[in-house]
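After this come two complexes, each holding subunit A, first together with subunit B and then together with subunit C.
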Partner chain A sequence: MSEAIRESRLKKTLSTLGRGAVYIVMGLFAFMTLYPIFWLIMNSFKTTREFQVSQLALPRAATLQNYVEAWKMGEFGLLFPNSIIYTLGATAGIIFLSLMAGFAFAKLKSKATKPIYNSFIIGILLTTQTLMIPLFLEVNLLGIYNTRLAVLLVYIGAGLPIGIYLSTEYIKAIPSAVVESARIDGAGFFKILLKIIIPMSVPVATTLAMLNITNTWNEFALINILVSKTELKSLPLGIYKFSGSLSTDYGKQFAALTIGMVPMLVFYVIFRKQITKGVAAGAIKG
Partner chain B sequence: MKKGFFVLLALAVAFGSVVAQEKVTLNVLNYQQADQAGYQEDVAIWQKFQQQNPDITLNIEVLFNEPYHQKLQAYAAAGTLPDVFYVWPTARSAVIHEKKLAKDLSKLLGADFLKDFSGAATNPNNQLGKYMAMLPQSFTYTSVMYVNKKLLADNGFDLPKTYDDLKKMVPKLKAKGINVIMLPNKDGWPMQSCLFSTVLGRMAGDSFVDAILAGKAKFTDKPFIDALKVIDNLYKDGIIAREDNQVGYGEAPGLFVSGKAAIYIDGDWRVGAYITDKASGKALISPAAQQSDFVLLPFPAISGEVNPGVLSAIAGTGWAISGSIPAGSAKEKAAVRLIKYLYSDEVQAIRYSTGAYVPTRKNVKANVEPLVAKVPVFYADNPKTCYVFDGMFDPAVYNVLNDGLIAIGLGTSTPEKVAADVQKAYETWKASQK
Partner chain C sequence: MASTNRAHREEGRAYWAMVTPAFALYLLVMAFPIVLSVILSVSNYSGGRMFGGERWGFVGFGAYVRVFTDPWFWNALKNNLYIVLVSLFGQLPLGFIFAYFIYAKIVKAPGFWQGVLYVPNIISVIVVGLLWQTIFSPHGPIGEIVNHVRVGNFQAQLKSIFDAAGGFSLSDDVINKILHLAGPAGRSMFSDPVPELRDLLSSYQGQPMNDVYAALSNLFVQKWSPAFLTKPDVAMLPVLFVILWMYTGMYLILFLANMQKIDGQIIESARIDGANESQVMRFIILPALSGTIVNSAILAISGSLSSFALIFAMTGGGPSRVTEILSIYMYNNAFLGRPNFPLANAISLIMVLISFALIALTKVVEKRYGGKED
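Now for the complex of A and B:
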């Protein structure tokens, strides 16, 4: 009996120690993630002079001037709405078209399915750098250089390979009998997509939304070559005006970075439950 | 007859006014960083041109650093270069020079305009394409010692004239936690561009670099290894701290001013970091201290040098006009007007006053802070120049040297090994060009 009690106490102690170790490791990772964000925001309230002499201490006299000047110099008033349009437009386009294509590739098999599917999937392997100049030439030939349409088309195109891959794999797991029953009941493919496939694919759509919202919000290389007018540019281009190898004014640079980062933090805070659920569901079923 | 003449005259005046009012649009690709000293002044320069030239509309695209070069590359590939753009005289803008995508400014600007610029700026041989694709705004010395004279005097030292003078400073300054020289090299290029090029010029000379390019010498030859050994010794002797290889280029001026080092090595452009920022009214070094406590000096004499006193220098950046603009068109005339404005006495004086550079335009007068005023004096005192390594070789070669210099700095490689790596990179690059 006493042996059993001792064993149970040992198990309890080990379990407490194990939990403690897990908390320490998790705490360490949380610190490593959160501290840079805290450091950036803290230093955005310092003057450059103060930052250069003390990079770790709290600001002695916090100033909002960096934000005022960064907002004005970076022309963020113009760039912010563009970022929202590109992010929401591209994300909606990618999700809808990926589910549409995913449905076709998973459930409407024909001889052409494999080659078309593979031609999309090969896009995952292409790097942005290899696409930059061909895309620039293409938008020029199409006469859509310096338009929002060009940016949206390129963003949607760039997001489709991974979107189609995830959607196809997810939709494959939906029983084909559901689609067949709907067909017997007289539903067309588009109706089946809207009424059955899309409602059943919310988890993978959430995963796609999360991937594409952050990617598009932060995208720099493609939009840099697709537009030249300030009124069509997005936030990362404004933020980049503050970073260079000869950079001198850290205060404004950090303020600009914080301005660009805050919307993504807010997005995460508001949708963190959906994001976690979406990733988990997407991971299991996909 | 008289009546007919007046009708014709009236028609000519009316036609002339219509022509005069015809608007020309120029697409401009500007190189500008918003948090750089002189940003506000640059914005004002462009605004003034637009106000003074209502018949020209400027569509200005602003980029900086790598994205600028990517975009210029894309424009060049698509054949849609902006009408006026910013360009490097060297390999950085190779596509423009090699494919002759910019107009020859010597013809467009004319001898009368160009006579006001230094010979180094107007010499086409200083540009990659061997024609005047652009007009350098400055002739930049990439190797300047910013010396805290007061700190040295407080510790009983005179201004250094030889390598040994630097070496003697180490024990006393080290004991106080002060480095003799600060050269931030986390970014890789500063050591190569701001010190090694000068050391190579001193130990081997431009003729050695020319011999390498002609296939008559190798990086593994003694002069190149000797130059690398000087860098190795600077670390071994404690003159430069090995930790400087972890210091970012942007952090260094603040550390230097806070007394972490007695000497700071950088290009002449870095004076802009120390003078008063017009927007905030703040300066890293006050004008009074710039005058009394700081001095610009060449790197001191090195034992074994064959070219005493030479310093690395290179033609600076400038403006170019797209070669696709039809000759004699209204657009070409507008572009020339813009270029002449950008190189005018007025604009160059503003740039000089912000510490951006010392203009190649002669006799530019500006109300400048003491440190900026010391730059042309530095040029005059040190007229002998040598090549900047990264202006002569492809990135495939100088990036290997940059990495090697970091390795020497960290004590993980030797001059002989780095020289062999650079030679190998050069041979590989040369083979790829065939």
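Now for the complex of A and C:
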């Protein structure tokens, strides 16, 4: 009996120790995640001179001068609206086109569904970035290099595979009786799409919005080859400008990086649950 | 009969009206570039207008031969492979273990861990790349921390030497001990160390001890410069570290979401039947997640193929091209110096073919595991 008690006590001690070790490892990881971000924001309020003296201390006299200068140099006043246009435009386009095609794939009969739908599925793993050189040449060939249209078309096209996959699977689960009874009442297919399917698809539309807002806002590789004019550039392109010769002007660089990071951090804090749900849904399929 | 026919036609028209916009755009962005890269990779196109400009045409498969005989191609492929290995043996297992800790309630506050560890994923990779570039640079905080510790150690040892001597003393014994502490590099600063150091220290007579310590550590402690990203033999390590740092949280989210789909009652009843933690893991959780694990592995491989911006921002492929990956190798061939579009398109197509091979692999794996659970 006492043997058993001792054993269970040992087990308990071990599990407490194990739990402590788990907290330490995960805590270390969490610290490594948060500290660099904190460090970046903190140093963005220091002058470059003060940064060079000490990078770990809190700023002695916080200055906003870095932000003023970085905003001007990066021309963020121009880039911010562009990022918003690209993000909202691409996200809205992807959601609408995906729900529309998804409705057709899920509820309308056609022999074409199988090959077309499968070609979209293939596109999920075929990342557009591997195609950036031919895309660059294609956009030039079509005469839409350096246009917002090209950026939006490419972003929407790249977002469609996962959008169509998730929409089709979602709409398939809506009972066909809903569509059929609306048909009997004399409703056309577009009316059914707009009045019934889209309102019922808000959850999947939310998932797609979360996935595409974060992806598009942060996208760099494609827009980098699609536009070269400042008035068409997005925020990540502007931030990249602070890498080369400006990279030793730490104050301004940190302010620029913070400007690039904060909008998404705020978005994440507000929509964390929906974003992580979208990630889990979006990564499921290969 | 006529009315069903009309309804049929209406359905067909609606179908194409709904599918065509998406499909056309998809072809424009995915299919057409692939066709274009096939054509250009076997041509001698060298930029400029494609029609009506300089004439160009078919020249054969020379670009592919050049890619496969270029050591830099294999260097880039090797770096992509490193990224895959870090994903498969770093991000995935860590993400899985962390997810399990949260799922099994070994740690409290599940929302906190999920929320924090996912943060790097929502920050622009350009910001991440430039941030870590600074952290790993000679001007970064790592160097400051290390040097701070070194100076602290050195001064503590000095203090114990002087304390043992009962305060500021320039006896041979103290001088020798300081020189010993300074090491060979420190001693080599003098031609005749003992008297020269005594001369130097005598000027500090009567000053606060802290000034003496500071002066000696300035003189003897060698500043360490953590130039990770500028040393070719180690530059890939910080890059891989950042990739691990960035994406582990994503796999955590993925695994946790799928663990939470497991019916809790199965685990409950297994426990009642006397199953321990490792048996639950082995016979319930792992089989339930096999499809997710395989999918994540394939996602990790295709993710490594598409990765570009992080390394582009962090190292630009340098120093001396050691951190170049396939996408940067391709980009540089097209945009750096004289453009070599046939070569760049050949690289692009090779990457596409690797993706297709992966997709085929997914299909095989899916059949075997039946892993289509969602």
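The definition used in the following text is that the second predicted complex is superposed on the first by the 221 of 286 C-alpha atoms of A that agree within 3 Å, B and C clash if a C-alpha of one lies under 4 Å from a C-alpha of the other, contacts with A are read in each partner's own complex, and residues count from 1 in each chain.
As a working rule, contacts are C-beta pairs under 8 Å (C-beta built on N, C-alpha and C of every residue); 3 or more make two chains touch, one makes a residue touch a chain.
Just so it is clear, the model here is predicted, and its values are computed rather than measured.
Peer 1: So, A:Lys195: does it touch subunit B (first), subunit C (second), both, or neither?
Peer 2: After superposing on A, A:Lys195 lies clear of both subunit B and subunit C.
Peer 1: Applying the touch criterion given at the start, work out whether A:Lys11 contacts subunit B, subunit C, both or neither, answering first, second, both or neither.
Peer 2: Neither partner.
Peer 1: Looking at A:Lys252 after the superposition, I want to know if it touches subunit B, subunit C, both of them or none. Which is it: first, second, both, neither?
Peer 2: first
Peer 1: Once chain A of both complexes is superposed, is A:Tyr240 in touch with subunit B (first), subunit C (second), both, or neither?
Peer 2: A:Tyr240 sits against subunit B and subunit C alike.
Peer 1: Is A:Ser228 in contact with subunit B, with subunit C, with both, or with neither (first, second, both, neither)?
Peer 2: A:Ser228 contacts subunit B only, not subunit C.
Peer 1: Tell me which partner A:Val154 touches in the superposition: subunit B (first), subunit C (second), both or neither.
Peer 2: So A:Val154 only meets subunit C here.
Peer 1: On the superposed three-chain arrangement, identify whether subunit B or subunit C touches more subunit A residues.
Peer 2: Here the partner covering more residues of subunit A is C.
Peer 1: Check the residue A:Arg60 against both partner chains and state whether it touches subunit B (first), subunit C (second), both, or neither.
Peer 2: So A:Arg60 meets neither subunit B nor subunit C here.
Peer 1: Of the two partner chains, subunit B (first) and subunit C (second), which one does A:Met261 touch, if any: first, second, both, or neither?
Peer 2: In the superposition, A:Met261 contacts subunit C only.
Peer 1: Could you tell me if A:Glu69 is touching subunit B, subunit C, both of them or neither one (first, second, both, neither)?
Peer 2: Once the two structures are laid over each other on A, A:Glu69 reaches subunit B alone.
Peer 1: So subunit A touches subunit B in one structure and subunit C in the other; where do those two contact lists coincide?
Peer 2: Residues 52, 132-133, 136-137, 140, 220-221, 224-225, 240, 242-243, 247-248, 250, 253 of subunit A touch both subunit B and subunit C.
Peer 1: Taking the touch rule as given, give the residues of subunit C at its contact with subunit A in the complex, in rising order.
Peer 2: Spelled out, the residues of subunit C in touch with subunit A are 10-12, 14-15, 17-19, 21-23, 25-26, 28-34, 36-37, 40, 50-51, 94, 98, 101, 106-107, 113-127, 130-135, 139-141, 144-145, 148, 245, 248-250, 253-254, 257-258, 292, 294-296, 298-299, 302-303, 305-306, 308-309, 312-313, 327, 330-331, 334-335, 341, 344-345, 347-348, 351-352, 355-356, 358-359, 362, 366, 374.
Peer 1: If you look only at subunit B, which of its residues touch subunit A in the complex?
Peer 2: So the residues of subunit B in touch with subunit A come to 27, 29, 32-37, 39, 59, 61-65, 67, 70-71, 73-74, 77-78, 80, 187, 249-251, 253-255, 257-258, 269, 272-273, 277, 279-280, 282, 284.
Peer 1: Give every residue of subunit A touching subunit B within the complex, in rising order.
Peer 2: These residues of subunit A touch subunit B: 47-49, 51-53, 69-70, 73-74, 132-133, 136-137, 140, 145, 220-221, 224-225, 228-230, 240-250, 252-253.
Peer 1: Please name which positions on subunit A make contact with subunit C in the complex.
Peer 2: 18-19, 22-23, 26, 29-30, 32-34, 36-37, 39-40, 52, 54-56, 97-98, 100-101, 103-105, 108-110, 112, 116, 119-120, 122-123, 125-138, 140-141, 153-154, 156-158, 160-161, 164, 169, 188-190, 193, 214, 217-218, 220-221, 224-225, 235-236, 239-240, 242-243, 247-248, 250, 253, 257, 260-261, 264-265, 267-268, 272, 275-277, 279-281, 283-286
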